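Next, two complexes with chain A in common: one pairs it with chain B, the other with chain C.
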Partner chain A sequence: MRIRLILTGILAVLLTTPLFAEKVNYALGFYAGYAPSLGGNLHSSVQKNDFQSENGLDGMNRSQEGYSTSRINRLMGVAGGAEFKVLFYDYYQLRIAGNYVMAVYGGSGKTVYDDSGTTRELTCSYKFSQWDVPVTMGLSIPFWKDFKIAFGCGVAYANAVYQNKFSSDTVERKGSFKGWGLPLVILLEGEYFFNDQFAVSSILSYYKGSSQVVKDGTTSDGSTDFARIDFTGYRFHLGVSYYFYSI
Partner chain B sequence: MSRIILTTMILWACFSGFLYADDILGIGVHLGGQHDVGKLSDQESGMQTDPQNNLLAGISLKANMSFVFLRTGIDTTFLLNKGKVYEDSSQIKTSKLEYTAIPGFLGLRFPVKDMGEFYMGGGAAYFLGSGQIVMADGTKEEINTTALGYGFITGIEFTLVSSMKIYMEWEYIDARSGAVMKTQTTYGWKNLHIDYTGHRILFGVMYYLI
Partner chain C sequence: MMKICWKTWLLLCAAAAVVCAGARPAFAIGELSVGINMGATYDPNNLEGDIAEYNMAMEQYRNANDGTTAKQMSVPYAPVFGFNFRYQFNFFLIRMGCHYTSPVQSIKGSITPPGGVKNTIKIKTYQNSYPVTLGLLVPLNKKTNFFIGAGPTLHQASVTITQSEPVQGAFSFQNYGLSKDRRDSYTATFVGYHIMLGAEVPVHERFTMSVEWIHQEGRSHTIKNDGLDSTGAVITTPKHTISVQGDFLIFGLNYYISL
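What follows is the complex of A and B.
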C-alpha cells in the first residue's frame, strides 16, 4: 500500500512536470561502485544459541591454539544501478534509482565453537544480495556550467536475501532469510560536466534501516533460525549522467 | 594485477605534469580526530562504555589529473582519552588503542575556478595497530594487529595563496582485525577483535609542488 502511494506520487510529479516548461530538466545516469560491511554483522539466533556469538559474524571471529581457524571478514559488496532525475528551477532535484548490490568478498572462514563442552572447528559462510529503489528529494547546486553538487534525502524500498551456513564434524546449520524494509537514505552527489549534457559523477549514499525479524526459510537442517536483515551502510559509486536539455 | 595498477600510477605521475600546469601534485600535513576508536560497545551486546577518542596527525599526497584525483599518505594516532567499560560483567576495563594507517583513494574532483575544489572518492586503508587492554583482574595485555578496510573520502580545498591550500576531509573506513585476545572466562578461545571502523575529520594545509 505504502509503495503504491510512493509510486503514484512519483508518477504524478513526472506527469505534471511538462507544465513547468523549460524550468524542468531530466537526467539519466548509470553507475557502479561498492558497499563495505554489506548486511552489517549478519546476526541470527542460531549463532547465539548454537555457536555462542551475540553479535553475528563479528562474534564468530575466534582463534585458539591447536585449531585451524581463519579470519571471517565482513562482506563487501559490488553495487550498480541506474538513476533518473528531475530538476526543477535549476536547484531542486527529485531522484529515483534502481540498485543491485551483491557480496563479492569476505563472509567465509573457519572458527571454533563449544559443542556441549567440546571445542570444535566450524566452517562459516555468509552471502547477501539486495535490490532497492531509493527516492530522494533535495538540492542540486550548480557551479557555473562546470559541475553540480547535489544533496538529498528520502526513503528506499529495499529487498534482500541473506544466507548463512555453519558446518562442523557433528552439526550443519543453514539459514536463508528474505525480507524487505524502508531504510532512510542520505545522498551526496557530484557531477563534472564535459559539455552541457554529459557528466561523470561520484555518488555517496548512506542507508539506515532494517527489515522486520525474518524466519529462516531453510528447514532441511532441522533447526529454525531468525534474523533481522540490516540495510544500514555506506555505498560509493562512480558513474555517468546524461541531461536531456542543456544545463 | 597489482603490477598493472602500480605501472599505471607511475606512468600517470610521470606524464601528468606535461599535460597540466598546476595543482598536479600536492603534499599536505593535517591534524584530526576519531571518536569511539575500537568500538568497545559493539564487542558485547548492550555494553555501556565511555568511548575512546584519538587525535590524528598525518601527511597526505594528492595527485590531480583533470577531473580525477588520487590521494594517499600516512596517518598516525595519539590517545586523547582511554575507552572505559562500566559493565561489571565485562572482562574488559579500559582500552588504549593506537594505529598507523596508509590510505589510498581514487575519485572525482570538482574545481571551483581558482578558489579551490570539492572532491569525493572511494578506496581502502591498511592499519597497523597496537595498544593495551586492561582486564577486570588488573592484568594488562599488549596487542599488535593489522587490518585492511574499505571506505570513502570527501573533502574541500580552499586556496590561501598560489600553490598553498587549506583542506578539510571527512574519511570513513570500515576495518576490523581478527581475534587477538581472550576477554571471556567461559571458553578457551580468543574472541576480541580490534575495530578500526569509524569517521575521521581532518584539517590541513597542502602545498602543490607542481
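What follows is the complex of A and C.
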C-alpha cells in the first residue's frame, strides 16, 4: 500500500513539474512476452530431505529401468505489463513498470526416488506466479531517424507465490510459499518509431535476486517445507509505446 | 579492509603505460579516456546459496523446537567503486579497470535455541576485480557509443564466516551439513573472465556519462581455511573455493584526454 502511494506520488510530481517541461518527455507502454526458467530450480527442503534432490527440480529428474518416468521441465511463464518512462536532457531515462508473470508450461512429470531402500515412482508438479515493480535508471540513445535504444539498471520489488506437490503410493507432500524480494534489474530496450509519438518496442530484462527462506503455508499434508523464492531469470517482451510529446 | 596486490597494480600501470605510449604515433588515430565508476552489485562473491543453507537450517530447527528464536541473514547489495583507462580506435576498444566491492551492512543472522545462548553468525566479504576488456564500439553520434566487450579478470576475493557460539546443547549447524567452526576464512587471487555491455553519452566537451553491465564468471582454486574451530584452535580445513559469478551495474564519468 505504501509503495503504491509512493509510486503514485512520484508519477504525479513528474507529470506536473513544469520545471523540465521543455527538456522532458514522457512515454507510456504496454507489452507482453515470456519468461524462461521461471523460479529457477524451485528448490525446497522437502525435495532435499525426502526425495534426495539437492538442487530442486533439476535434481528430481531421474529414471530407472522398469519404471515409467517423464521429464520435468523448468517452468516457462507468460509475462505482461505496463511501463511509464520519463526522458530528460535528451539521453537520460527513468522507468517504472508493473509486471505479472505466470507459469504456463513445464513443471510437471514423473520421477523415481528411494523410499528407505524401495524405489518408488513420484509424480511432481510445480506452479509459480509473480508480480513486480521494477524501477530503473539509464541511458536512452536515439539513432538514425526513428530508433531508440535504452540501457538501464535498477531494482524491483517482486512478490511471488510458489507451489509444489509430490505424490507417490505412500506419501503426498504439498508446499505453498509466498515471499518477496528486491532483485537487481538490468534492462535493454529497443524502439522503432512509426511516427513522432508511436513506437513498437522489444525489451530484454534480467532479474537477479531471491526472497528469504519462507515457511510452507500448507499444513494438510502433515509436513513443513521451506523454500527460497528465486526471482533470477530473463524476460523477453514485445510491446508498443506512446510518447506524450513528439520525439 | 581492502588489500591491494602490488603485482596487480604494477601490471595495471604497465598496461596503461603501454596504451598511452601506443596512443602517440605520428598521427593520432584513437582516443584515450579515464573514467571513475560507481555502481552496485547483488550478492558479491556469490554467497546466496550458502546464506540460504544457513537460513534454511535455522528455520528448520526453529520449526522443530518451540522457544527457538532465529533471524535470517540477508543476501546483500553492495556498492561498487572503481576506475578505468580506455583506449579506442575506429570500432575497437581496450580497457583496463579496477573495481572494489564490499557490503556496507554486515551480513548477520542469529539463532537462540531454547535455554541456550545466542549464536550470531556473520559473513564478511570483499572483492577486488581488475578486468581487461577487448571490445567493439558502435558510435552513434559524437561521443555517443554503445560498446560490448569481454576479457579476463584478475580477482582478489575474501569470505569470512564467524559464529559466536557454534556448538551448544542440541543445536549445531553441523547437523545440517554446515560448519560448526568459530571462524572459516578464505582469501584467494585468481583469474576469471567477464563480458560487458554499455552505453555512453556526452555530458560536456570532454566528459561522457556511461552506464554498463558487467557479468563475471570465475572460481578460485581450492583454498586453505584460515580458521578457528569451535574450541578456538587454529584449523586449515575444510578447504573451499570462492565463486565470483555475478553482475555489476556501473555508472561512470569519463574524461577524454587529448592525444
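Worth a mention:
What we mean here is this: the second predicted complex is superposed on the first by the 229 of 247 C-alpha atoms of A that agree within 3 Å, B and C clash if a C-alpha of one lies under 4 Å from a C-alpha of the other, contacts with A are read in each partner's own complex, and residues count from 1 in each chain.
Criterion: contacts are C-beta pairs under 8 Å (C-beta built on N, C-alpha and C of every residue); 3 or more make two chains touch, one makes a residue touch a chain.
What you are looking at is a predicted structure, and each value in this text was computed from that prediction instead of being measured.
By the touch criterion defined above, A:Tyr234 lies against chain B but remains apart from chain C after alignment on the C-alpha atoms of chain A. Contacts of A:Gly138 after superposition: chain C is touched, whereas chain B is not reached. Touch counts on chain A: comparing chain C and chain B, the chain ahead is B.
Once the two complexes are laid over each other on the shared chain, residue contacts for A:Val161 go to neither chain B nor chain C.
Once chain A of one complex is fitted onto chain A of the other, the partner contacts of A:Val171 are absent, as it touches neither chain B nor chain C.
Of the two partner chains placed by superposition, only chain C is touched by A:Phe151; chain B is not. Contact with neither chain B nor chain C is seen for A:Met102 once the two complexes are overlaid on the shared chain.
Of the two partner chains, chain B is the only one that A:Asn61 touches; chain C does not reach it. Taken together, the two structures place residues 143, 149, 188 of chain A in contact with chain B in one case and with chain C in the other.
Of all residues in chain A, those touching chain B in their complex are 33-34, 36-37, 41, 52, 54-55, 58-59, 61-64, 67, 69, 71, 73-74, 76, 112, 114, 119, 143-144, 146-147, 149, 188, 190, 192, 200-202, 204, 234, 236, 238. The touching residues of chain A, when paired with chain C in their complex, are 45, 90-91, 138-139, 141, 143, 149, 151-153, 155, 182-184, 186, 188, 206, 208-210, 212-213, 215, 224, 226, 228. Those residues of chain B whose C-beta lies close enough to touch chain A in the complex are 42-45, 67, 107-113, 118, 120-122, 149-152, 154, 172, 174, 176, 178-179, 186-191, 193, 197. Taken together, the chain C residues at the contact with chain A in this complex read 39-43, 48, 52, 55-56, 59-60, 63, 72, 74-75, 77, 140-141, 144, 146, 197-201, 209-211, 213, 247, 249.
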